[in-house]
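Alright, structures below, take your time with them.
Paired with subunit B in one complex and with subunit C in the other, subunit A is shared by the two complexes that follow.
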Partner chain A sequence: MALYFGDLLPFSSLLLEGLWTALYITLVAMVAGSALGVFLYLGKVGPGKAVSIFCSCYIEAIRNTPLLVQLYLIYFALPALGINLEPIWAAVIGLTLNNAAYTAEIYRAGFESVPHGLREAGKALGMKNAQIVRYIVLLPATRNVFPALTNQLILLFLASSIGSIISLPELTNAIMSVSNTTYRTIEVLAVGGLLYLGVSALLSLASKRAETTLFRWAVGARV
Partner chain B sequence: MFRAFDWQDLIPLAKGAWLTIQLCAMSGILGIIFGLILGIARTSPSRIARWISTIYISCVRGIPILVIIFFIFFGIPLLFPGLELDKFASAVIALTCFAAAYVAEIVRGSIEAVPRGQSEAADALGLNYWAKLRYVVMPQARKIMVPPGVGFIIGLVKDSSLVTVTGLVELTHAGNIVTNLTGDPIMTFLTVAAMYFVICYSISLLGRLYEKRTGIQVDPLKLPEPASV
Partner chain C sequence: MTVIFVENLNKKFGPNHVLKGVDCHIREREVVCVIGPSGSGKSTFLRCMNGLESITSGSIVINKHRLDDSKTNINLVRQEAGMVFQHFNLFPHLKVIDNVMLAPLKVAKVNKDEARAKAEMLLAKVGLAEKMEAFPGSLSGGQMQRVAIARALAMDPKIMLFDEPTSALDPEIVGEVLTVMKDLANEGMTMVVVTHEMGFAREVADRVLFMDQGLIVEEGSPDEIFSSPRNARTQGFLSKVL
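Then we have the complex of A and B:
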């Protein structure tokens, strides 16, 4: 069989719109999810026992079930309770709730990897707990968390393709509809794959660059 | 029109769960074999081997698994018209392609985490490349690979839910079928989620048991680094 990419040209705007939707839901879910993740993390390590158990259960439940099943619950099960959501809102809510659990674990790992001696030193200096967190732990913890968060952003972008299964018109959905119209399956999958690859490579490069710029002070001295 | 969700509906779901387990076991084992080869190639002294494996790993890790599944399921019959693959075989191939790249990254990370002095000592003893790998580097790298490996297998179980798009009746697809029979998506998909939870949580418990017995720190939450191009 001969490959021919010309048939795809009329559909390039459809593919680009799909890519835009994918980026849009990724960014919204990243911002909302990592903010929600802060509360989950604080709830988990906080003093309230019931809150802590709830947050741990939430995190474990999300992390041990597939995103697709979570999306099905939001998109197919919520309407049975009388809540109807557009595919884009179902995808945004699903990715946000999913992302929150993963970022909460990233924060936990980031804060736990700050050496205990730093906290003890703060205590020996007579600092209060809040001061220790603000002036000693926060900065190295941020440095530990940053690469994991940008990694999570890329994984989230790739995961946004799952939105196509609940008929959200993002990139994967656009790829399949172009394939069904033109029968140029291999060509459109190759083009779509390259779009995904290009964006995730750009995100990866940008985050490496941001990391070296933001944390220049910590080069060679990973804490 | 619909009947209520009852215990009979657990039977198709359990069959789906069994298929999910078979799917993950096969693609997991094949993925580990190819991932080991790719990961060793990624750190080998041969430049061509390094390039090929780097390109493969970066490509697969930068593309969603769903697109890979579509490529294998719709693309292979077009590229090789004579070849007939059933749904299970193409699902295994897609998950193996995907798994190999992620395992390769874990293998590379573990090999690079073995202190350089070890490999230099092996050089000083006059061991050749394969002997160095076999007797010095891999036994130490093996221990480092276990914790991210456990996290990876859990990820594979979750990602296997995506082969539902090919029509293979694994756990998620069984959930769809039961929903269409009962009209009760809430109970059905909560049950499906619970079944995935049991599978994934047992794997992470096994990982923790291994940690206790061997003293290796297992953190199943750890994910491999992002695709670097």
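Then we have the complex of A and C:
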């Protein structure tokens, strides 16, 4: 079987635009979702019983249903209620709502894995709870959260491919349309796959770098 | 002058009755070592004294603060009774000097220069002047524990509570921590030390308490406890550890 990558050249800008769209919705959903996740986490562990139950239910519902179904609901079911969304907004909202649930869990795990002894040491020094959280727990928790959060960013980027099924012209969608036009399916899948791989690898590398520079104190520390 | 009054202290964790009426008075400048088998309630007893564990019944008065009174500001009590933990519990994200300065800055609200001067003085005192800018993760266990002692001393406590401060340390570095504690005792600090270091208890303690099954079974001078224990359980315990 012969491969002809040359046939793809005229479509390179289409693929790159698709990549750009994928990155764009990923970044928006990451920023918005991880911010929303903070509120979900605080709501879940906070004192309000009803709020806590609501947040827990939301997190479990999202984490136990397929992203595809969630996106279909937003794109196909909402119009029945009179809410019509452009594909790009449906994708951004879907990914944001999904990401929020996952990041809330990441925050919970990160805070819970800060050794309890640190809080006790703060208490024993006469510090108030708010001071303990702010000056003692927050940074070790952030450091616990960081790798999981960057991992979530990569997962989200890969999950953005789901936008293709609601005709959002992101990378996977561009791959499919180039394939349909050129019949060079294997070639375009290979190129597209490499684009996903390349971006993921870059994100992963950057996060490792950031981790070592941001959390130099953690070398040898038990956190 | 008596600075710690513990009267008929009871502590239950659910159905588990851990302290069953502990009575104990400790005078200013006194060094009291608490010994006893694992699970006898030594840590729980110590942790009740600074409110890390709530009291089920009975009373504790520390420097005139009643711990069983809900109006007592527990944070004030904790400033006056410093604690050193078995596992050091240093703040990993703060440099050694910042570990020591944190509570003076945020709790006692002293100014930065003053807090720094004090922290430098305390770190020099525990022999770690050259480690001020290091992060805890780069220190040995003995160094970490000495930082933890300096951190507790930075709040100018009147009492120091130690919960097995050397149990997590390799045998060859236990001594450097015990030396710091000895100096502190010689300076007249009131100390309650839960320990398995019988040599330290014998040498430094004014009084030794033997705890078993939630009660102080026997107490006396180190000589009385170690050379001529009267209670059969004390005798049994000591024959195993000495």
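Note that the second predicted complex is superposed on the first by the 222 of 223 C-alpha atoms of A that agree within 3 Å, B and C clash if a C-alpha of one lies under 4 Å from a C-alpha of the other, contacts with A are read in each partner's own complex, and residues count from 1 in each chain.
Throughout what follows, a residue touches a chain if its C-beta (ideal position, glycine included) is under 8 Å from a C-beta of that chain, and two chains touch if they have at least 3 such contacts.
All of these numbers come straight from a predicted model, not from anything done at the bench.
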item: Which of subunit B and subunit C A:M176 touches, first, second, both or neither; value: first
item: Contacts of A:R143 with subunit B and subunit C, given as first, second, both or neither; value: second
item: Comparing the two partners subunit B and subunit C, which touches a greater set of residues in subunit A; value: B
item: Subunit B versus subunit C as contact partner of A:F76, first or second or both or neither; value: first
item: Which of subunit B and subunit C A:P115 touches, first, second, both or neither; value: second
item: Partner chain(s) touched by A:A124 [first = subunit B, second = subunit C, both, neither]; value: second
item: Partner chain(s) touched by A:E60 [first = subunit B, second = subunit C, both, neither]; value: first
item: Those residues of subunit A which subunit B touches in one complex and subunit C touches in the other; value: none
item: Subunit A residues touching subunit B - in the complex, by the definition given at the top; value: 1, 60-61, 63-70, 72-73, 76-77, 80-81, 105, 109, 147-148, 150-151, 154-155, 158-162, 164-165, 172, 175-176, 179, 185-186, 189, 192-193, 196-197, 200-201, 204-205, 207-208
item: Sites on subunit C touched by subunit A in the complex; value: 50-52, 75-76, 78-79, 82-83, 85, 87, 89-95, 102-103, 106-107, 135-138, 148, 151-152, 155
item: Contact footprint of subunit A on subunit B as seen in their complex; value: 58-59, 61-67, 70-71, 74-75, 78-79, 81, 154, 157-162, 164-165, 172, 175-176, 179, 184-186, 189-190, 192-193, 196-197, 200-201, 204, 219, 221, 223, 225-229
item: Residue numbers on subunit A that touch subunit C, as the complex places them; value: 115, 117-118, 120-121, 123-128, 131, 135-136, 139-140, 143, 215-223
